[in-house]
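Next up is a structure, given as structure tokens.
Read from first to last, the chains carry the letters A, B, C and D; within each, the first residue is number 1.
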Amino acid sequence: MSTITLYSVSYDLASVLLGALGSILPGGARAAITSADVVTGLSVLIFGVILLAASMLNTILLIWWERKLLGRFMDRRGAMHVGYAGLLQNFADGFKLFRKDTVRPREADPLGFLTGPTAYMVTSMVIFGILPISTGWNSGALPLSLLLALAIFSFAPLFIFVSAWSSNNKYSLMGGMRSAAQMIAYEVPLLLAVVAVVIVSGSFSLTTIVTEQQNYWYWGPLVLALIVFVAAMLAEMERIPFDLPEAEAELVEGWNTEYGGMLFAFFMLADYLRALVGSILVVLLFLGGWTMPSWVPSAATSFPLAGIVWFMIKTYLVFGVFVWIRASLPRVRTDQLLRVGWNRMIPLSLLAVFLAAALVIVKCLPVFGCLPSVGG
Amino acid sequence: MSAPASSAPATRPVVPPGATLESPAPLPMVDQPAVPFIEIETLRSKEFIPAAKEALGSLIVEQGQTKVVRPVFNWAGRNSLFPLHWGLACCAIEFAAAFGARWDAERFGVVPRSSPRQCDVMIVNGTVTWKVAHKLITLYEQMPEPKWVIAMGNCATGGGPFRTAYSVVPGVDKLVPVDVYIAGCPPRPEAMLDGILELEKLIRERKE
Amino acid sequence: MSEMWINMGPQHPMTHGLWNLRVLIDGEMIVDVDPEMGYLHRGIEKISEDRHYNEVITLMDRCCYVAGFAWEHLYIIASEEALHLEPPERAQYLRVLCDEFQRIASHLMWYAAFVQDLGLMSPFLYGMRDRDLVLDLFQSYTGARMTYEYMRVGGVRSDLPPGFTDHARKVLDWLTDRFVEYDQLCLGSDIFRKRCDDLGTLKATDCVTHGVTGPMLRSAGQKRDLRKDRPYAVYDQLEFDVALADSADVTGRYLVRMEEMRQSVRLLRQVLDWLDRHPGPVLADRLPRWLGAPYAPVGKEGYLLKRNYPKGVGFSAVEEPHGEAQAYVVNEGGEHPYRVKFRSPVFANISAARQYLVGYHVADIPPIMGSVDVCVGEVDR
Amino acid sequence: MEPVDLTAALGPVLGDRLLGVEAFPRSAGRIRFERSGALDLFRAVRDSLGFRHLSMVGGIDWTDHREVFYVVWSDDRREYLFLSTDVPADDPHVESASGIWPSANWHEREAWELVGIEFDHHPDLRHLLTPDGYEFRPLLRSFKLHEPEELEVKTRHV
């Protein structure tokens, strides 16, 4: 395996940059600017910029992936004419939205109208600083990274509600209310499904959870938790069949009805950032992260950055499943959604926790390592 | 968008009337390269920030706007035209058919949005009556700039077969400025896509 | 949250046209509704008074843009009655062919719009795709996809092109297979059943009281189809069943429309067989010249002085895809109809909106109104 | 089903307000009545004869007078019945049928705004198709259509 890590790359970059800068400065300043602290600080900054760029790029690619996939499900082709196979379509959309006017309705609350989308976008992006992509490609193995990621993930309804309420539109308000109710209802089963994973892996650290899956991926023993997690994640991501807050048929565009231009781009981007986070979490918690089963030939797993490649393939496939669900299911109603959330999902997730605990107690987990399909 | 084109770019400092031309000599910036070369010595002096500002400013303002920013935004604007999702009359059915599997307007990046705030182009797909006229104007005004209007079909163009009727606006250009007219009653989906491509051409040739 | 009025329309994804549903909501519950129509009122009845009889057909296509043939047929029957004309039999069969294909096209359009209201994305594309196949057939003999101007007072404009019937049969085979897929996509989905069962219920007695007709009435178990009850054209010589359901809800309307498409396929097979076997004229040979029929023979026999032309009143009722449409044409002996009055089925169906909307959720409005199948063109005329 | 004898069935109810029964092709017939007997006739037609479904209400402007016609349908007889009454042009009042057949509501609103027939005791006589405050009655013969003039519309963005 390669020893390159994201941090080492940014550290090298920072040293080279500062070294070049120092060569043109007088002696005292050179010493000050090339000191270890400055290099470390700059490398962290570079690290953040790389992460930001990578997550944005992936998000835009994810939108393209969804549009093409959705097109295929619908007997058509999706974006075709901008760039090769429409690859640049989303860049065009982004630049266009960047240039468009942002209209703030007169009656809208100026503070909430602007801060809502921005905070939504920022909190969605911060999670990427925590998620490990491969060994070494994270911000360091925080002991509670899973908890932190989910905590930031659950900020969203607050900001959605703020932006919906402050845009002073009845449809927006209804969308915001639905969004808050839905996300709060599905937060509980989501976390309980995660608890099952934590019980089995014995750690809150995402890196540890993945390394624990070297022998068997968790979707085998924790299939119930996986189902609950995916369903709750669909509700958290507000995708069909749970896209009630944006239900186009009755609430025009849901809580982003009054938003145009860059703020609307923030919403779209943050939605897909969250979709990416959801897919990544499914891969990390249940599909073994960047690990591959032992029956996969070693040539496929030992080239440089193999972990990232496999991780991204898994992530995009998981997102493809979400798109598939979107293409084939109708939307549920608010009361049905909440009833399912409180009456069905929570008992199911509690059952999943119980099963996980039982598996740990009777020590039959290694059995799953024998199955070739779940890894090994 | 409709702001008048600014006067000639200020490449040469304006000499106030009555001043002599000998001192100070105006900077001959026209013949110089766009990015003035910065001496290393300048970097250490107090002039670093003004010099860098000048260099970067001339790069971004003059070169960037005309050679990078405008073409990129123009390319983006014309390739991502979101029409308003609404249906007035018969043409709305062909409008919907253009998003169907056979024509698939999404190939060109055309995705209908239901909220006027997120739209770039309003496709008036049908007969406009006086009763809906002020709502149409409101919708047009709710759309953020830059925005365009396509009059789809004969009714939106000039009233069509209902031109003489008491309740019909004889052409939507009486209400909002129209960029592209599509003939047909109703126009086929191909014609609608052709109208959108025509609008793209219009945007490409636009002088800002 | 206290009660508040929201305007769904005129620009709203739910409306599928240009109308405004004012809804009084309490939280997510509907307390009262008030449909506001007229945004597409184009004065068709008035313009018709200034037009020749055959020129009104142009307006009929645009009156209901998803069921142009049905409205052409409606008007043609009434004006032939008012003008005392009789079309040849082959023209009658051709009209039935048009009507039934139009019913399939209209129902496919309804299907596409209805599933989209439920948030089901792919079937919208499937519905539009299959509708295009039917429109291709129309295009092959009328030259237009939606606005045909094919029927004439006294017959139809032209005969079918060669090879049409074989191609039409292929399309029918394809459609029959697709109907199964549609059912799998909708009825096979638990979410669909959960959302549509017992939704927008309107019992048969209420339907009759409020003038509701068509699939909405038949989904309540009332067997009423003008093609059976008051046969026009040649429907009395063809075999078909009236599609019925007894649940009176959105699912029932879905089932009725799906079954109607199947029955239309059955009818069309008979009509295509008949057309293959019986060539003949498609336009009456004794037509008054001032009727403006471009293909009418102009001669001594075909000429009729307009001042001698007998007055008359024509009434027709046609089972349109949306329900029961009626036309009332008054001929006062001129080149133009004196008065044309239409009854649109959707007009009556929407006017009863309070009966089937109040008490449900806001999220139920799109599927319920989708199951009504609103075509604003014919409501506002 | 036996063809119904409309004169025998309605004569006792309406008396001389029944002006006549005409034959109308492919229907039960056409009843002409005096407008003062409207409600009695509607009730008799709905309850005694079983025509429970009102399909259409329309108005015709005959320049000297206006005609209001009703089309009703019976599910038992499977046929239509036409009712028709004349109202003078200067006093175009007739009793509303929407108390008998609720489906008459919108049809009467339409006939009111387009032909100018006043329906008494109508629950909700508002504009339906034309904008609020539209003072013309477009379907009168005196209302002529013409090519639109070159009109200058003043909008806020010119």
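Everything that follows uses one rule, which is that a residue touches a chain if its C-beta (ideal position, glycine included) is under 8 Å from a C-beta of that chain, and two chains touch if they have at least 3 such contacts.
Only a predicted model underlies this, so the values are computations on that prediction, with no experimental measurement involved.
With chains reduced to the mean position of their C-alpha atoms, the one farthest from chain C is A. Comparing chain pairs B-C and B-D, the larger number of C-beta contacts belongs to B-C. Centre-to-centre, using mean CA coordinates, chain A is 64 Å away from chain D. Note: centroid distance chain B to chain C, computed from Cα atoms, is 41 Å. Computed from the mean C-alpha positions, the centre of chain B lies at a distance of 53 Å from the centre of chain D. Here the CA centre of chain C is 24 Å from the CA centre of chain D. Residue positions of chain A touching 2 or more other chains, listed in rising order: 74-76, 248, 252. Taken residue by residue, chain C touches two or more other chains at 12-13, 38, 41, 43, 46-47, 50, 125-126, 129, whereas all remaining positions touch fewer.
Along chain D, residues 130-131, 138, 143, 145 each make contact with two or more other chains.
Contacts between chains, counted with the stated touch criterion, involve the pairs A-B, A-C, B-C, B-D, C-D.
Residues 24, 26, 67, 71, 74-82, 86, 88-89, 91-96, 98-103, 248, 252-253, 256-261, 264 of chain A are the ones touching chain B in the complex. On the chain C side of its complex with chain D, the touching residues are 37-38, 41, 43, 45-47, 50, 81, 208-212, 222, 224, 229-230, 313, 315, 317, 324, 326, 328, 330, 338-339, 341, 343, 347-348, 351-352, 380-381. Across the interface of their complex, chain B is touched by residues 130-131, 136, 138, 143, 145-148, 151, 153, 155-157 of chain D. Residues 70, 73-76, 170-171, 174, 240-241, 243-244, 247-250, 252, 326-336 of chain A are the ones that touch chain C when the two sit in their complex. Within the complex formed with chain C, the chain D residues making contact are 24-27, 52-56, 58, 60-61, 69, 71, 75, 78-80, 82, 101-103, 105-107, 114, 127-131, 138-139, 143, 145.
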